[in-house]
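Look at the two complexes coming up: chain A is in both, with chain B in one and chain C in the other.
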Partner chain A sequence: MLGQILVSGITAGAVYALVALGFVVLHRGTRIVHFGLGDQLTLSAYLVVIGQVYLDLPFAAAVALSLLLSAGFGVLVERAIMRPLRASPLLVMVIATLAIGAAIREGLRASMGPLPWPIPFLLTPAPFTLGGLVLVPANLAVVGVAAVVVLALFLALRFTRFGRAIVAVYENPTGAAIVGISVPAVHARLWGLASVLAAIAGIMVAPLITLSPDMGSIGIKGFAAAVLGGFNSLPGAIAGGVLLGVVETAAGVYISSAMKDVVSYALLIGCVLLLPHGLFGRAEARKV
Partner chain B sequence: MPRALLLLALAGLVLLPFQAPSHITYLVALIGTTTVIVAGLAIVVGLAGQISIAQAGFAAIGAYGSAQLANWYGLPYWLGLPAAALVAALVGYLFGLLSLRVADHYLALTSMAFCAILQLLLVHLEDWTGGAVGLAVPPATLGGFTLDKPVQLYAFIMPCAVFATWLLNSLRHAKLGRAFAALRMSEVGAAAVGIPVLHHKALAFALSAFLGAWGGGLFALQTTYLDPAQFGILESVRLIAIAVIGGLLNPLGPAIGATIFVLLPEMMGGFGRYMTLVFSLALLACLVLAPAGLGGVVHRLWKRA
Partner chain C sequence: MLKRRELAAGVATIALLGSGRRASAEDMTGVMPSSIKVGVLGSLTGVQAVFGQGNLSGAQIAFDEANAAGGIHGRRIEIVSIDDESTPARSIAGFRRLVDDEKVFAVFGPSASSIAQAMEPVLRAASAVPVLGSIYSSPAASEPFKHNVFRTGPLQDRLQGIAIADFVLETLKSTKVALVSQSDEYGRRGGASLTERMKEKGHQLVAAEVFNLTDTDFTAQLLRVRAAEPELLVIYGFPAPAATITRQARQLGLTAKILGSNATANRTYPATVGPAAAGVMNVISLAALPEGDDPRMQAYVQKFSARFPDLARQNRPDLGDCLGYNGAVVFVEGLKRAGAALSREGFIRALESLKDFETGIGLPTTFGPQRREGNLAARVLEFQPDLTRKLTSFMLHSAG
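For the complex of A and B:
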C-alpha cells in the first residue's frame, strides 16, 4: 500500500514540481508570482489539441508548436504587460497576473467551449503489475519527462550563456547589469522559460485529468509545492512538488478522496504560517 | 463630485422602481448587492493595501449562513443576516491576525487557499450546505410580509448599498481609515507612529468580511438558489476586477465597477460569452493605462473641465 502511494504520489508530484519550478524560476529573477501560470498550463495543452485537430499535425509537431507558442506568449506577456507595470506596487502586479489568467481561461471557454476535450497520449494508460505495484506506462513517462526536463534546466543554468546570465540576475541584478547583461532581456527570457515549464506540465497532465478551461486550478498545487520548497530554491521546488504529490495521495487514501484538495490547500496555509521559508528556502532580508 | 449630482442620483434611485420595469429594478438591485460586496474589498485592498483573494468566500459565509439560519431555526433575515455577517467578520479578523506573518504574495496565496478550502467545504459538507447540487434560499419575511418581488428586494438592498458607499467615504477621513492608509503606505512607518499594525490589518479584514457577507446574504435573497460554483477563487478575482476597474481609492468606485459589470453583459446580448474575456482584457488595459480606475479617469476629466 505504502509503495503504491509513493508511486502514484510521485507521478502527481512530478507535474507539481514542474509547475513549482515555473513559479520559482520566474520569481527569483523578477520578484513576480505569476498567478496566471496555471492557466498558461491549460493554454499550452489546448494548443496541442488545436495543432492536432485543426492543423492536422502529428502529435510531436503539435507539441513542438505548442512549446514554441507558449514561450512566445510568455515573452509577449512580459513585454506588453509586466514591463510597463515594472514600477507599480506589488498589488497591481498581482492583480495583473490574475487578470492574465482570467483572460486565458475565459478566452478558452469562449472559443473552445466549456466541455472537456480528449487529448491523446503516446503511451497506453493500461496498467501493468511489477513486484506487487500497479504501474501505468503513461505515468512513468510523466516522471521520466519531468526528470529529463529538470536535468536539462540545471545543465542549461550551469553551462550555457543563456543560463549563466539568468543565474547572474538571480544573484545580483545590479552586478549583472554592470557586467553587460541586459536585465530586461533576462526577464523576458525567464517569462518564456517559466511558460515552457508550465507548458510541459500542462501537456503531460492533460491526458491524466481532463482538459477543460478550468484545468488551471492545478496552478494552486504548484504554488503549494513552491511554498513548501521555500519559493526561492529550485531543488526545493522539486522536492516540494514530490512531497505534495505523496502527501496528497496519502490523504486521498487514508482520509477521503474528497478531502484531498483541502489537505493540500491547508498544507499551503500551514506552511506559509509556520515555515515561511519552506523546507529548503533561505531566509531573505527584507528591505523596509 | 458636487453634492447636487449625488442628491440627483439618490433621487433617481428612489424613483426608479416606480417607473422602470421589474427586470431593470432587479438589475439595479444586483448592482447594489455587488456594490456592498466590493465595498468590503475596497476597504481591505484599496484603503489598507492588503491583497485579499478571499472575498467570495466571505460572501459565501453570508449567503449560506443567513439562508441556513432561516432554514434550520426559522431565524428572520433581519436577525440572520447581521448574525452571519458578524461571524464572517470574526473569521475575517482571525484571518487578518494570521496575516501578521505573511505579506504580499504570500498573503495573496493564503487568501486564495482559504477561499478554495471554503468552496471545497461547501461542496463536500453536503449535510450542512446542500453540496454541489446547491441550496434553496427561503424568502425573507418582515412582519408577516414576504419579500420576494424585485421591488421589495430593491427597497431592502439599495439602502444597504448607499450605506456601504457612505461608509467607504467617511472611513477615508476617519481615524481608522487614515490608519489603514498608513498601513498601505508603509507598515514600518505605521508602527513607528504608534499604529498597532496587526490589530488594524485584522480590522480591515474584519470590515471587509462583514460587508462581503452582508452583500452575500443580499445576493442569496435575490438569486433564491445558491450554487457553490458561485463562490470560488474565480469569483474573488472577478470582484477584484470590479474594484480595480471602478477605482480602488474612489468611494464611488465599487458602485461604478458594479454598474459596468452588471449592465454591460446585459446590453451585449449575443456577445455574452465573450464578456468575461473582454472584462479581463479591460482590467489589464485599465492597470497599464489608468491605474486609478475608471472612477479616477472620470475624476480627472472632471478636474480638467
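For the complex of A and C:
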C-alpha cells in the first residue's frame, strides 16, 4: 500500500510541481503571483482540442500550435495588462490576475461548453504491474516530461543568453538594467515562459484529470506547492509539488478522504508558520 | 344551537377564506393580453453551468416552438433569464428580482441541486409563485411538500439513492458495495439515501469515500475502496470528477462493476474516460439517447442544432439540454391546460392534472394535488466496448 501511495503521490505531485514552476519562474522575476495560471493550463489544453476538432490538425501539430499561442498569450497579458499596471499596488495586480483567470474560465465555458472534452493521452492509460505496484504509462509520462522540462529549464537559465538575462533580473533588476538588459523585455519573456510551462502541464494533465472549464482549479495546488518550496526556489517548487502529492494521498488513505485537503493545507499553514521561506527558500536581505 | 354572533363569525370566516382563495385564483401577475412573462433562473456560468445552460436552451426551444405555433391561447411567452453564477446568494437575489421587479408569472429553474437547497426558504415564502425545476435532483426544495414547487426530469436524489440500492441488491445481486460521493448537496443527499437503504436491507457499505467537485486526483479514495474489495462501486457525482474516478479506479486495478448516478450520463463521458469505460453503467432519466435514432429525440436534436449551431459543435444537446427541454415542454403543457383565463393557481391546477405526460425526451411526468415529483423512475445505460452508449432494459423505480 505504501509503495502505491508513493507512486500515486509522486505522479500527482509531478503535476503540482509543473504548475508550481510556472508560479515561481514568474514570481522571481516580476514579483507577481499569477492566480490565473491554473486557468491558463485549461486554455492551452483547449487550444489542442480546438486545433484537432476545428482545424483538423494532427495531435502533434495541435500541441505545437497550442504551445506557440500560449507563449503569445503570456506575452500579450504582460504587454496589455500587467505592464500598464506595474506601478499599481500589489492588490490591484492580484485582482488583475484573478480576472484573467475568470475571463479564461468563463470564456471557455461559453465557447467550448460546460461539459468535459475528450483529449488524447500522450501514452496509454492502460496500467501495468511492476513489483506489485500498478503503474500507468500516461502518468509516468507526466513524471518524465516534468523531469525533462525541469532539466531544460535549468540548462536554459544557466547556458543561454535568454536564460542569463532572466537570472540577472532575478538577482538584481536594477543591476541588470544598468548593464543593458531590458527588464520589461525580460518580464515579457517570463510571462511567455511561465505560460509555456503552464501549457505543457495543461496538455499533459488534461486527459488524466478530465478537461473541463474548471480544470484550472489545480492551480491552487500548484500555488500551495510553490509556497511549500519557498516560492522563489525552482528546486523547491519541484520538492513542494512532490511532497504535497504524497502527503495528500497518504492523508486520504490513512486518515480519511474527507480530511485529505484539511491535512494538506494544515501542512501548508504549518510550513508558512515554522519555515516562512519554505523548504528551499532563502531569506532575502533587503537594504533600507 | 349556535348563537347569532358565532354564526356571523363563522360566515365571515368562510367568506374571508373564500375571498382569499378567489384572490389567489385570480392572481394573474405576469399575464398580459398578448404575452406571459416567465422567469428562467439557472447557472449559466460557474461550476454548476454543466447543467444550467441546458435549463435555458431547453426553455428557449420549447417556448419558441409554442410562440411559433401562435402562442398559448394567443399569448406569446416572454423569457426573462437570470444567471445565478452557480452561487446560492445570486440565485436568491435573482429569484427576488424575477418575482418582485420583473413580476414574472412563474419561474422555470433553478438548475443545480446545491442552489435549490439554499433557495428552499425563499421558495417556501413565495408560495403564490409557481416554480418548476427541470434538472436539479435534490429533494431539498420540494420536500416537505410545497404547493408551488414542482420538479420534473431526473429521479430526485433521496429516491434515486433508494432506487440504486434496490437495483444493486435485487437486480445486480451485489452486496459488497462501495460508494464514492461528491461532498456537495448532490452527492451527499444521494449517497446518504443509498447508505440508509442498504442498511435497511441489512447491508453495510464496504467503503464510503467523498471528494470535492473540483478535485483532480482520487487515488486516496480509490486505494481505500480497493482495500475493501467491493463487487460494485457507485459513483455519485458530476461528469468531470466521475470520469476521472472511473479511469483511475481501473488503473489502480479495481475490478468492481461501476455504476454512476444520473449526473454522469453525459455524451462525452465514455470518450473522456477512455477504454476503462467499457462495461460501466450509469443511471439516466431520458426516454432515449440524443445520439440514438429515436424519431422524437432526433426531431429535438435537429431543432437544437438548427437553433444553436455553435452549441451543437460541443457535442450537444446533452443531458442538461434534454432535461431542460423536457421540463419546458411540461411547463408549456401546463399553460395550455390552464386555459385562456390564465392565473397562477389555474396553472398549478393544470400541472396537477398531468398524468404520464410524455415528451419523448425525458421520462413521463405525473403530478397531482399532493404530488410535486414529476418522475419517479430512471433508466440504466451501459458503455459498450466501442465506447458507445446503450440503454439497457433495466428500469429503476422509486420505492421511497
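Just so we're on the same page, the second predicted complex is superposed on the first by the 282 of 288 C-alpha atoms of A that agree within 3 Å, B and C clash if a C-alpha of one lies under 4 Å from a C-alpha of the other, contacts with A are read in each partner's own complex, and residues count from 1 in each chain.
As a working rule, a residue touches a chain if its C-beta (ideal position, glycine included) is under 8 Å from a C-beta of that chain, and two chains touch if they have at least 3 such contacts.
For clarity, every value in this text was computed on a predicted model and none was experimentally measured.
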Is this a clash or a fit when chain B and chain C both end up on chain A? clash
Is A:E248 in contact with chain B, with chain C, with both, or with neither (first, second, both, neither)? second
Contact-wise, after the overlay, does A:A258 reach chain B, chain C, both or neither (first, second, both, neither)? both
If we overlay the two complexes on their shared chain A, which of chain B and chain C does A:V92 touch? Say first, second, both or neither. first
Between chain B (first) and chain C (second), which does A:E106 come into contact with in this model arrangement: first, second, both, or neither? both
Who does A:V227 touch here: chain B (first), chain C (second), both, or neither? first
According to the stated criteria, A:P116 is in contact with first (chain B), second (chain C), both, or neither; which is it? second
Looking at the overlay, what does A:L155 touch: chain B (first), chain C (second), both, or neither? neither
Where does A:S217 make contact in the superposed view: on chain B (first), on chain C (second), on both, or on neither? both
Offending stretch of chain C which, after superposing on A, collides with chain B (from 98-106, 260-268 or 296-304): 98-106
Per the definitions at the top, what is the overlap between the chain A residues touching chain B and those touching chain C? 106, 109-110, 217, 258, 261
In the complex, the residues of chain B that touch chain A are 45, 49, 51, 53, 98, 101-102, 104-106, 108-110, 112-114, 116-117, 120-121, 123-124, 186, 188, 233-234, 237-238, 240-241, 244, 273-274, 276-277, 279-281, 283-284, 287-288, 291
Complex contact set, residues of chain C against chain A: 45-47, 49-53, 183, 209-214, 216-217, 219-221, 223-224, 227, 239-241, 243-244, 247, 250-253, 266-269, 271-272, 274-276, 310-311, 313-316, 318
For chain A, which residues are in contact with chain C within the complex? 1, 4-5, 8-9, 12, 15, 53-54, 106, 109-118, 121, 125-127, 129, 134, 136, 139, 205, 207-215, 217-218, 221, 245, 248-253, 257-258, 260-261
Which positions of chain A touch chain B when the two form their complex? 27, 33, 35, 81, 84-85, 88-92, 94-96, 98-103, 105-107, 109-110, 217, 220, 223-224, 227, 258-259, 261-262, 265-266, 268-269, 272-273, 276, 288
